[in-house]
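Input: one structure, supplied below.
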Amino acid sequence: MQLTPKVKEILSWYESDNPGTKANIARILMEGRLGGTGRMVILPVDQGFEHGPARSFAPNPAAYDPRYHFELAIEAGLNAYAAPLGMIEAGASTFAGAIPTILKVNSSNSLSTTKDQAVTGSVNDALRLGCSAIGFTIYPSSEYQFEMMEELRELAEEAKASGLAVVVWSYPRGPMLDKTGETALDICAYAAHMAALLGAHIIKVKPPMDAISLDAAKKTYEKHPVELQHQAARIRHVVQACFNGRRLVVFSGGETGTTENILATTRAIHEGGGNGSIIGRNTFQRPRAEALELLGQVIGIYAGESG
Amino acid sequence: MQLTPKVKEILSWYESDNPGTKANIARILMEGRLGGTGRMVILPVDQGFEHGPARSFAPNPAAYDPRYHFELAIEAGLNAYAAPLGMIEAGASTFAGAIPTILKVNSSNSLSTTKDQAVTGSVNDALRLGCSAIGFTIYPSSEYQFEMMEELRELAEEAKASGLAVVVWSYPRGPMLDKTGETALDICAYAAHMAALLGAHIIKVKPPMDAISLDAAKKTYEKHPVELQHQAARIRHVVQACFNGRRLVVFSGGETGTTENILATTRAIHEGGGNGSIIGRNTFQRPRAEALELLGQVIGIYAGESG
Amino acid sequence: MQLTPKVKEILSWYESDNPGTKANIARILMEGRLGGTGRMVILPVDQGFEHGPARSFAPNPAAYDPRYHFELAIEAGLNAYAAPLGMIEAGASTFAGAIPTILKVNSSNSLSTTKDQAVTGSVNDALRLGCSAIGFTIYPSSEYQFEMMEELRELAEEAKASGLAVVVWSYPRGPMLDKTGETALDICAYAAHMAALLGAHIIKVKPPMDAISLDAAKKTYEKHPVELQHQAARIRHVVQACFNGRRLVVFSGGETGTTENILATTRAIHEGGGNGSIIGRNTFQRPRAEALELLGQVIGIYAGESG
Amino acid sequence: MQLTPKVKEILSWYESDNPGTKANIARILMEGRLGGTGRMVILPVDQGFEHGPARSFAPNPAAYDPRYHFELAIEAGLNAYAAPLGMIEAGASTFAGAIPTILKVNSSNSLSTTKDQAVTGSVNDALRLGCSAIGFTIYPSSEYQFEMMEELRELAEEAKASGLAVVVWSYPRGPMLDKTGETALDICAYAAHMAALLGAHIIKVKPPMDAISLDAAKKTYEKHPVELQHQAARIRHVVQACFNGRRLVVFSGGETGTTENILATTRAIHEGGGNGSIIGRNTFQRPRAEALELLGQVIGIYAGESG
Amino acid sequence: MQLTPKVKEILSWYESDNPGTKANIARILMEGRLGGTGRMVILPVDQGFEHGPARSFAPNPAAYDPRYHFELAIEAGLNAYAAPLGMIEAGASTFAGAIPTILKVNSSNSLSTTKDQAVTGSVNDALRLGCSAIGFTIYPSSEYQFEMMEELRELAEEAKASGLAVVVWSYPRGPMLDKTGETALDICAYAAHMAALLGAHIIKVKPPMDAISLDAAKKTYEKHPVELQHQAARIRHVVQACFNGRRLVVFSGGETGTTENILATTRAIHEGGGNGSIIGRNTFQRPRAEALELLGQVIGIYAGESG
């Protein structure tokens, strides 16, 4: 399969990685309906761990079955499917070779009172399950942030040596940040930048909102303003924070939203130069037909059909 | 020995596991009077560690002798016997090949002020003792939950590579949960789901009670109601949380109960689609004949004789 | 990418392998113009090691450049490209993700007086270079055959644990075999069967010739005759020897031949149920346009266009 | 390349180090326009981690691109470039061999409420990326200082065994120190001395200010006065604290300053016998031409052109 | 130090290597009077091991002192100095950073009756001694060739992971080769090609002579003739065998020769596109002044001054 010039250009950014890691990044970028465009839509299903099974799957009970998500991702023509160990184990053989998978190797849950996560998968697990990447969440600003970064460091070094890619979910939360702060533009850009500095190949953050949170940063943004009220401009700033666009960055769908909100966010990501979306809840909690329709629209925007 | 279609179907759920692990799951499922039905009754004797010897064995002093439990499990026609290292070592040679064993590899005790457990056995121990599985307890919501999950991760990876099965006891407890919360339906389903996500082959939880504990979950259950007052409906919801029934889930007997309570719970598990019971105290604290009679009745229910 | 039913059926043969290995077999089977048919054409370039650079590349000097072979395999729409370490290193980054690669991890040369090979690559090399499989040659009947089988065993175990596939070149040679014996039908079937018994996922042998070599085997073949004079019947017998067709078996092009010979052999492999061809010299020693034309014809036969 | 007598003399101070470490110290000292003088100017770009991307790069948006900093350091003729993992990975192949690099292996950030850092790189990372040294920050006086020192010890031991150099950023902060205290002369000298005692080859501290912070130290300084009001005298005292000048010590540019302030500090470092400057923000936040001009002036001072 | 376009082009050939290895190749290519030209002259001093001290050093007793060779290489402006462990240890500290070194990690001697070598150095040794590469000799055609290749494989994998380069001396000798055969053109090209396939970054062979040794190769060379009588044409063929010139190849000076012979060979290497010379005996056995003069002339030829 010939790689497109766009994908070759993206691979050139990862100049210190071995060919195995580059091949796995290429696999994700060449898969599905957006294959070759440099844009991606990824299905993440770690909601069950984070929020519990009923809050995740009761709205669409077919989604209790792990095979449902593999099928959804394949049928919708997505680039990759990301989930914790048990979810991947429950379908990795049936769907071997059918879609790139990302093993989410740490997880939190709603029964925790601390802003930490447990390491729940390994690089060996990712290799035996045929995954293209490991996924890891950090909580910048949490009192456990340094431990999380150190766990990531160790897993990422091993993953890269084994030819796997590393996807980092960077979700700021902690004593310095209120709800607004967690998705403020400066915080979001900072979180994305730290993931890049930690060696992530693909960075996932929440869409940045119209706020600047850190007092120390306000002066900078006043002097070097970003068009805060435009989502696309905010996205562009986050892309800039990812090594001036030389690292892949995708945005979560965030909390459950209306179709119109999701599509508006998608258009802003597309316009702002983001590399795509990770959409979980907003798809698997809808009936399959609706989910496929929504994903088709999202893909259409990234494909430039309605950008 | 031909596996039954039911057992073959169950093994197909574990598609990412090697044949060794599948064979050990099959051994448990094909053993005893319920062999081949997809239902199980397991005898766990970790009470001595958890509550001390007298509280565990004084009601039936014969049970101080580790051989008693092997004999009880075999004579009753159970599927497996689970216990900590010393208990297994004290009978593994005499009863080698006579019944599948599960080495409980972590344990807590009543002299601890923290909600944690010690790792007290290894995969090597399980192999040298001829065990079919390792057993591990996690306490979701405990302040030690992430460490426990990480210990499980490491042991489970090694067990699976060595062809063993992994049984996870998932018992929520911690600062967010009062006594009711620990067995509330949402919490119980969540605990079971997390065990599945952590890669458990067999999940053990307490029978779920008629309560919803997490505020964040209440809205979901209101919108997507479960018949809370029916034990069988609650069981069915927990089964659903175990990958829509694609992971084996068994229920503990809970605190010491009357025969009638135990049988009622058993009928609900059977009706709700649970895969069986783990009954410790309620059997080995009774005189042998009574225990055998009770186990016979429980097995009869799962065998459909009085379901 | 949805796997075809044919490829799913083939994957089901490898039931003891982990999903990673299955995914890599799937990648090879889904690639190129024969993707999804269960047939394969693979380009092997280990001739330089075996026969020296001039004997390999002087007829078509462009082939001295390692990038030439990646390009040829991709442009021709082949399933995979196999070569020793240096050849893969020289293009693995440029062509990352563009075609499945097989790292040939042992090699012989024409300067050796013994029928042995050196181990020249590792599973770590295969992982860092993004290969889908390791390739290993055994010489059944050689005085070094047992050492070679033991090296294969060790490498194959490691490859399988890491989610890679194992391709075995089984080339009988040694004191008991004259030139005719090396490709006699009974010897060829025997060599293929031993590769299957050693755990190979894909077996490569030479096309079997119209001879029975071992005296001990003659009686059996007299009693249970194979239509020796028909190439397709001989192929069918080798396929039978590969677990009755439940292991993938491909055939080398053998010594440099005319286009007509090659196509006739291809038709026989196709008719006899072989899974494809590994064609090196017969392609890269021709000018590129001729090589592409020949490969197009070979692929056409396997695709049923001219079978 | 013949080493200068000055560099040979400096290497003689590191008499317990192996030749690999000495060669890497020599590489840094022989590079760039100050090559061979025993003075150094190093470009550090860990600001993005410490202060966030916009505060670091918005004043000069070209600096969002990691390649910018490699180019700036090379074009300015500096001795080395220091940055965290992701920044180095993003250019290490393009600029391989073009300038010595220092992998910053721990990092803090402005979202932390604790005075600690995460370990974010390893000695293996430094070797695979071709770095000449690892860089590590300690916060003497922090409640995490001992953990940080222990992490340094472990990494430094491994780095030295692998032939790498160790650069220690020693920045006092913690409950005993107010803003003035952090750069007071006694504290600064103490911080530098501890870095030397911990086995640093190159020590980085902030320029010492005109204050004595520790009561316990005041008596000593009264009895053995240092000309506090002269920056060069203060620098000389810090150099003295670095084994009487037998360890390399460089000084940070500190907060953003005017060109005149920077040059005045540089003159003082030069006069006081310091080995050079680490200047980050003050260069990469200016337009490239201005940064090159400033660096040219700084280098000129160390080269004795305007000392 | 800016790399020249020529060196950047050469580094691009090593696309699967990490930046550390690329940096070490760059260091060798950028060093000395030929720095940046893509040509190299390397001083190897393993003669003492191969032929004994008196045969090696008696003609110029100053050469008994290991420091002599470091000085000679540095003064002559060579690219690198290669020697066994003891020789490197005896000067690595004094000359740290002054010239890239290549640790010869295997060695033979004249007291051996077998064509094998002992492994006498490690990758750890190379790191602690600050070497840029390991050097390893294989004897293709020897009855020990496969063991030697396997030792190389293991050392090369470790060296590459640690950011070192790998230099392979490929010297055919063994039962199939008489004295003429050892340097016959076909054998020399074959030996160089095998080193490339084994993953060498820099290949060292003897200058090829006017002979074709292998009967099997004669037909090829008749059909695709090389101008055998011209040394430059023979060199060009060897370069072709090194991945069509995409691997660095240097030629030994061979047996002690007259100055005129050496310069003639140098001119042929230069004209044929070889990357340079490794000259040992022919320099260190002459008085220092004469050696420097000869090396100056050799370098002059590669620099195009008299090519």
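Things to note:
Per-chain numbering from 1; labels A, B, C, D and E assigned in written order.
Just so it is clear, a contact is a pair of C-beta atoms (placed from the backbone, for glycine too) under 8 Å apart; a residue touches a chain by one contact, two chains touch by 3 or more.
It should be emphasised that the depicted structure is a prediction, and the values quoted were computed from it without experimental measurement.
In summary, the chains found to touch both chain A and chain B are C. Superposing the C-alpha atoms of chain B onto chain C requires a rotation of 180 degrees, rounded to the nearest 5. Interface of chain C with chain E: the two copies contact each other largely through different residue positions, with under half of all numbers used appearing on both sides. Inter-chain spacing, taken between the CA centroids of chain D and chain E, is 39 Å. Rounded to whole angstrom, the centroid-to-centroid distance between chain A and chain E, based on C-alpha atoms, equals 49 Å. Each chain gets one centre point, the mean of its Cα atoms, and the points for chain C and chain D are 57 Å apart. In chain B, 15-16 are the positions where the chain touches two or more neighbouring chains simultaneously.
Contact annotation for chain pairs lists A-B, A-C, A-D, A-E, B-C, C-E, D-E, with touch applied as defined. Note for the complex: chain E touches chain A at residues 15-16, 18-19, 161. Listing the residues of chain A that touch chain B in their complex gives 48-49, 51-55, 58-59, 61, 64-66, 84-94, 107, 109-114, 116-122, 124-125, 128-129. Contact residues of chain E toward chain C in the complex are 13-17, 140-141, 143, 145-147, 149-150, 153, 157, 172, 174-177, 186-187, 189-190, 192-194, 196-200, 214, 216-217, 220-221, 223-224, 237, 240-241, 243-244, 246-247. Within the complex formed with chain C, the residues of chain A that make contact are 1-3, 7, 11, 18-27, 30-31, 74, 92-93, 96-99, 124, 127-131, 161-163.
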